[in-house]
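Below are the C-alpha cells for one structure; questions will follow.
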Amino acid sequence: MNRALIFIEQNNERLAPELLAVADQIHGPQPFETYAVVINGDVGSLVGQFDTVISVEDEALQAHDQMALADVVAGLHAEHQFDSIVVAATAAGKMLAPRVAMKINCGLVADVTEISRQNDKLRLVRPAYGGRMMAAIEMQGDGPVMLTVRPGVFRGPGEQHHKATQVIEPKGLRYRLGGIRQIKRESKQLSYDIREADVLVSGGGGVARGFELLEPLAKALGGKVAASRAIVDRGLISRSVQVGQSGKTVSPRLYLALGIHGAIQHVVALDEVEYIISVNTNPDAPICSLSDIVVEGDAVIFVEKLLEKIREEQINANN
Amino acid sequence: MDPKAVVEQLAKLVAPEQINTNEDDLYVASADRYKKYAFARNVLDVPAPVAIVYPKTAEQVSELLKFCNEYDINVIPRAGMTATEGGLENWKDTTLVIDTQKLDQIVKIDTYNSQATVQAGVPLQVLEDELRKLGYTTGHSPQSKPVAKFGGLVATRSIGQFSTLYGGIEDMVVGLECVFPDGTVSRVKNVSRRAGGPDIRHIVIGNEGALCYITEVTVKIFKYYPENNKFYGYLTKDIETGIKILREVMVNGFRPSVARAYSEEDAAQHFYHFYEGKCIVLFMAEGPKGIVEATGVAIEEAVKKFEEGIIKQVDSKLIEDWFNHLNWSQQDIDDEYAEMRTNASHAGYTTEISADWETIPKIYDAVIARVRAEFERADDLTMLGGHSSHSYLNGTNMYFVYNYKINCEPEDELITYHHPIQKIIVEETLKHGGSMCHHHGIGKYRSEWTKDEHGSAYYMLEKLKEAFDPKGIMNHGTIYPVKELNKYIYQQD
Amino acid sequence: MKLVCVVKFVPDVDRFEYDHEKHVLIREGSRMMINPDDGCAIGFALEMKKRNPEIFIEVLTMAPASVVPLVEDILRVGVDQGTIISDRSYAGSDSWVTSRILGRYLATTEYDCILTGSQAIDGDTSHVPPQLGEILGLGQISGITKVEEDSFGSESAVVEVDDEEAVTTYELNLPAILSFSRKSKCRLPHVRFKDRKKDVTDRIKVLSNDELGFAKGEVGLKGSLTKVAKAYTRKYESGAQLRVAADDNGVETVLKFLKEKRFL
C-alpha cells in the first residue's frame, strides 16, 4: 500500500486536515497509509487523523534548524520509503523541503495549487512568474512525489479523529546541527500590508463622511481597508494604505471602490485585480468603466445597507 | 565676497525676517523641478544659494540688485517655484535667491477698465478667486494655477489651458514694473494700445530673470460665463486627424477656449475610461452665449468635414468631468516627491514645442520614430506620446509627454533619460523650423540650443543681456549658454 | 574575507516570452535583469566592502552567455569577480540540477560566506539556496531583511527576518548561506554614468561543462527530476458589466456576487 508522509510543523498542527486532503488527491482512490512526523509538537491533536504518527521528542532539535530537521525526515524516509511527502509552504517549510529533496534525490514542486492526472501521470500545478502563469509539473526519476502547499489553498473536511493511530517514538535518530540559533523574536505591532490582501474595501472622497463603516465591511469580507488620496489627504487614515501612483500598487482578487473617482493615478495601481465593484454617485466616474458591477448611488448609504444585510444573514445562519 | 560677508551686508539692506539662511530651505532653493528626482533623493550636485531674501518693495529690490551687481553676486529671481527647465537651478557658488513672498498684494481690481494690478508674489489662484466673486476671470489657467505666482508667470511667458481663447500671458499683460541690475526701476504704463516705439513689455515678459526682476504686473480681466460652457470630444483614428480638426476650427475664425488633440498613448493617461485605444480631439467653447453656440456649430462642422477620421463622439459629460479634475496642486507636487523618495519612479517629463500647422505632424512623427530607434533606454519607456493643446491661426503646439522606469542612480537620471529625449525633440523641431520652447521657457537645460532657436536674431537677444545685465549677475546660465553646461548636464569636470 | 554572491538573472516578468510548444522559457532575446532579492545580496556585500576594502566579492551565476553585459555592470559597481557557468547542455535544468551544478563549482572555491536572494521572480520556488546548503553542508536562512553589519565577521553573522508577524533574530555560524529578501534595505547600485563604458572583461570567468564534468544525462531537461508538462496563463473571466442602483435590489445583486465568488 502507498505511504504518504505529512510533515507537521511545530505549532502548525491545525494544518493537518488540509495536508491530508493533498495526500488524498495524490493517492486516491487507491488505498494509502498516512504518516505524520511531528518534532517536539502536539501529538495529541494528530491522534485519530493519521494511521501513524511519528513523534520525535528531542530538545536539541530546534524548529529553525532545517539542516537537523532535514536529516531526521530523510532518515525516516530511508526507513519507511514513502511514496509522497507533503510539507506546508511556510517560511520554515520552504527551507526544509528543498533540503530533504536534495538529500533523498527527489524532485520537489513548490506551492502546488492544484493536482490533476494526465494519462495516468500526476500533474502538480503551481503558479510561476508571480502568478502570471500556471505550470503543470510532472515528476521524473524514482523518488517519492514531494511537494509543498501554501496554507489555505487546499481544503480538508475538517479534523476527523476516527483512525486507530499508531504513535511511534523513534530513538537514536542521527542528525547534524546546522549552527543556527534563534536570539530573539519580537512580535510586530498589528499592521497590515494592503499589497498582500485578497480583498480590499477602498474608500474615496465619496465616503469621507462615513469612512469608519469600511472597517466592519472589510472584516466581514476577510479583507483590509484601503483608501484613495482624497481620504488620506483628509487625514482619515494613514498614508500606508493609499492605493495609487503615490501610494501602493495592489493586486487583490476583489477591489471594492467606494466613492472613488478613479483618476489614472489611482487605477494604474490596480494590478491584475480580478473583480472590481464600484459604488459611485457619478455613473461617468472613470472607475466605473473598469468595474464588474457599478452601483449608482451614495456609497455610505450602500455600505450601511450591505452591512445590515450581511449581519442579518449571519444571525439567521447561526440560529 | 564670502557667504558670511554677504549675509552681513544683506542685514544692512533688509530686516532680519527678510533673510532666510535655513539649510533645508537653501537646499530647496538650489534647484527646481528639472532635477526633482535627484532633489528628492538628496543628491543634488549644484551649490546651494547663500541666502533667500524677501524684499517688500521695488526700492528694496533695487537696493539688493545694486549690491549684487557691485559684488558680482548671482541673483535668481523666484516666484511660485514651478519651473521645469532649470530656470531656478543654481550654477554659481555665491548666489542670492530673491523671492516674491512678501510682494503679495493685489493692488487694484478695475472691472470698468477690465484690468487688475498685482504684485509679483500674488498667486494666480488668489487673483482668480477674487475675480470670480465679481464675475470675472483672468482667463489664465496653467496646470500650475494653484501654486504659480504672477512674477513667475510673466517671467517665463507662461500659457494656460484656455489660451486658444484668451491667449498666453503676453496677450494679457497690459503694463508692469521691473528692476534692473543697476538699480533702475522701470514702469511700463497701462494703456490700451500705443505706437511708442518697440513694445518694450516684451523685453521683460519671458526674460526668465536673466535681465531684470519683475515686481508688479497689470493684466486684462475677462467676463466669466461658466453657465454657457460647452464640451465636445471625439475619438479619432490618428492624431493628425485631430490636428486637422483643430486647424479647421481656428482658420475659420473661431476661438474655443480649449482645443486639444491627443495621441493614443497620452489619451490613455487622461481618458483611460473612454479612449478605447484611440486618439482624442476635444474642445470647450466658452464665453457669451451667442459666441459659444456659433463656436459649437463650427466645431461640429469641422468634425463633419473630417468624419472619415472620426471613430465616434464621446459623451460631453465625460469631457466636462475630466475638465473639472484638471489642475494639480501643491499636494500633487508633494505626493510626487514622497513617491520619488521611496520608489525609482515619478510622474514623468514633458517637452513642449510649436510650429505651423503643416509642420507639427511631421515633427511629431520624426520625434517618435527617432526616440524609438535611437534612444538607448527605449526599453525603459513606459509612456511616450503627446498632445496639441494650444492652437493659433497659423499653427499649434505639441506637448511631448514621456515616462520611464528609472534604472540608474538618481544623479544620472537626466543625462540617461530626459535629456537625450529632449535633445531629439529639440533637434527635430529646430530642423523643421519650429520653436523648441512653447511655454516652459529655455531655463538652463535648453540654453545649449538658444543660438539655434534664434538664429540670426540671437544678435538682438545677446545685446539685451549686454545692455541690461553687463556684469552677468542675473540668473547665470538661464537662456544664455555658459560653460557650466558641461558640468551640470554632461558631468564633465 | 571572501563573499560569494550566488545570483540569478531573470526575465523582466512584465514582458516575458514563453515557448508554448516546447514549454520552456525563451530566455535568449527577452530582456533580463538581476533577480530583485539577489540584487540585495550583492548590495549587502558591497556595503561590507565599503567598510572593509579587503573583502573580495565574487558573483556566481548559471546563465546563458547573453548575461555578460549584466555581469559587467555588476563588476563596474565594485564586485571583484564574475563567474558565469554557461553550457548549452544545462538549459532546462530544474532547481535540483541547478543546485548540483552550482554546488559542484562552489565545492571547489573558497568562501567565508555565501549570499543569495530568497526567491526568484520567475520560478518562484526558493529551492536553490537551501539545496546549496544541503550540498555544501552549510546552515542557511531565507527572508533576511537585515544583517548586523558591525558584528559580521568570519565567525558568525547575526541576521533579522521580518515577516508579517514578527522580527526574529538568528545567529549563524559562518560559513553559511544568507538569503536576502527584497524587503531588506540593501540595494544593488546602478553603474554611474561615467563608469558605463569601463572595461571589466578581465574580471569575468566563464565556465562550461568542460570544467564541471557532468555526464550528459545528469543535467538539463534530461537530468531534471521535475519537468514542466504544460504552461498556461490563467484567464480571468470577464463577464458583462452589471449596473444597479444603490437600493435593496443593488445590495442583493452585490451580495449574490460576493457569495458566488466565495468572498462571503
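A, B and C are the chain letters, set down in written order, and residue numbers restart from 1 in every chain.
Keep in mind that, in the parts below, a contact is a pair of C-beta atoms (placed from the backbone, for glycine too) under 8 Å apart; a residue touches a chain by one contact, two chains touch by 3 or more.
For clarity, every value in this text was computed on a predicted model and none was experimentally measured.
Viewed as a network of touching protein chains, the structure reduces to a complete graph with every chain in contact with every other.
For the pairs B-C and A-B, the count of C-beta pairs in contact is higher at A-B.
In terms of Cα centroid distance from the overall Cα mean, chain C ranks first. Distance between chain A and chain C, defined via averaged C-alpha coordinates, is recorded as 22 Å. The mean-CA centres of chain B and chain C are about 45 angstrom from one another, to the nearest whole unit. Chain A and chain B have Cα centroids lying 52 Å from one another.
Residue ranges of chain A in contact with chain B, taken from their complex: 229, 233, 239, 245-246, 261-264, 267, 282, 284-290.
Here chain A touches chain C in the complex through residues 64-67, 70, 91, 94-99, 101-103, 105-111, 118, 121, 123, 126-141, 143, 176, 178-188, 192-193, 196, 199, 220-223, 253-254, 272, 274-275, 277, 279, 283, 291-299, 301-302, 305-306, 309-310, 313, going by the rule given at the top. Here chain B touches chain C in the complex through residues 379, 407-409, 411-412, 415-416, 491, going by the rule given at the top. For chain C in complex with chain A, the residues that touch the partner chain are 13, 16, 18, 94-96, 99, 121-131, 133-135, 137, 139-143, 158, 161-173, 176, 224-234, 236, 238-239, 241-248, 250-255, 257-258, 261, 263-264. Here chain B touches chain A in the complex through residues 268-270, 272-274, 315, 317-318, 321, 325, 331, 335-336, 338-339, 347, going by the rule given at the top.
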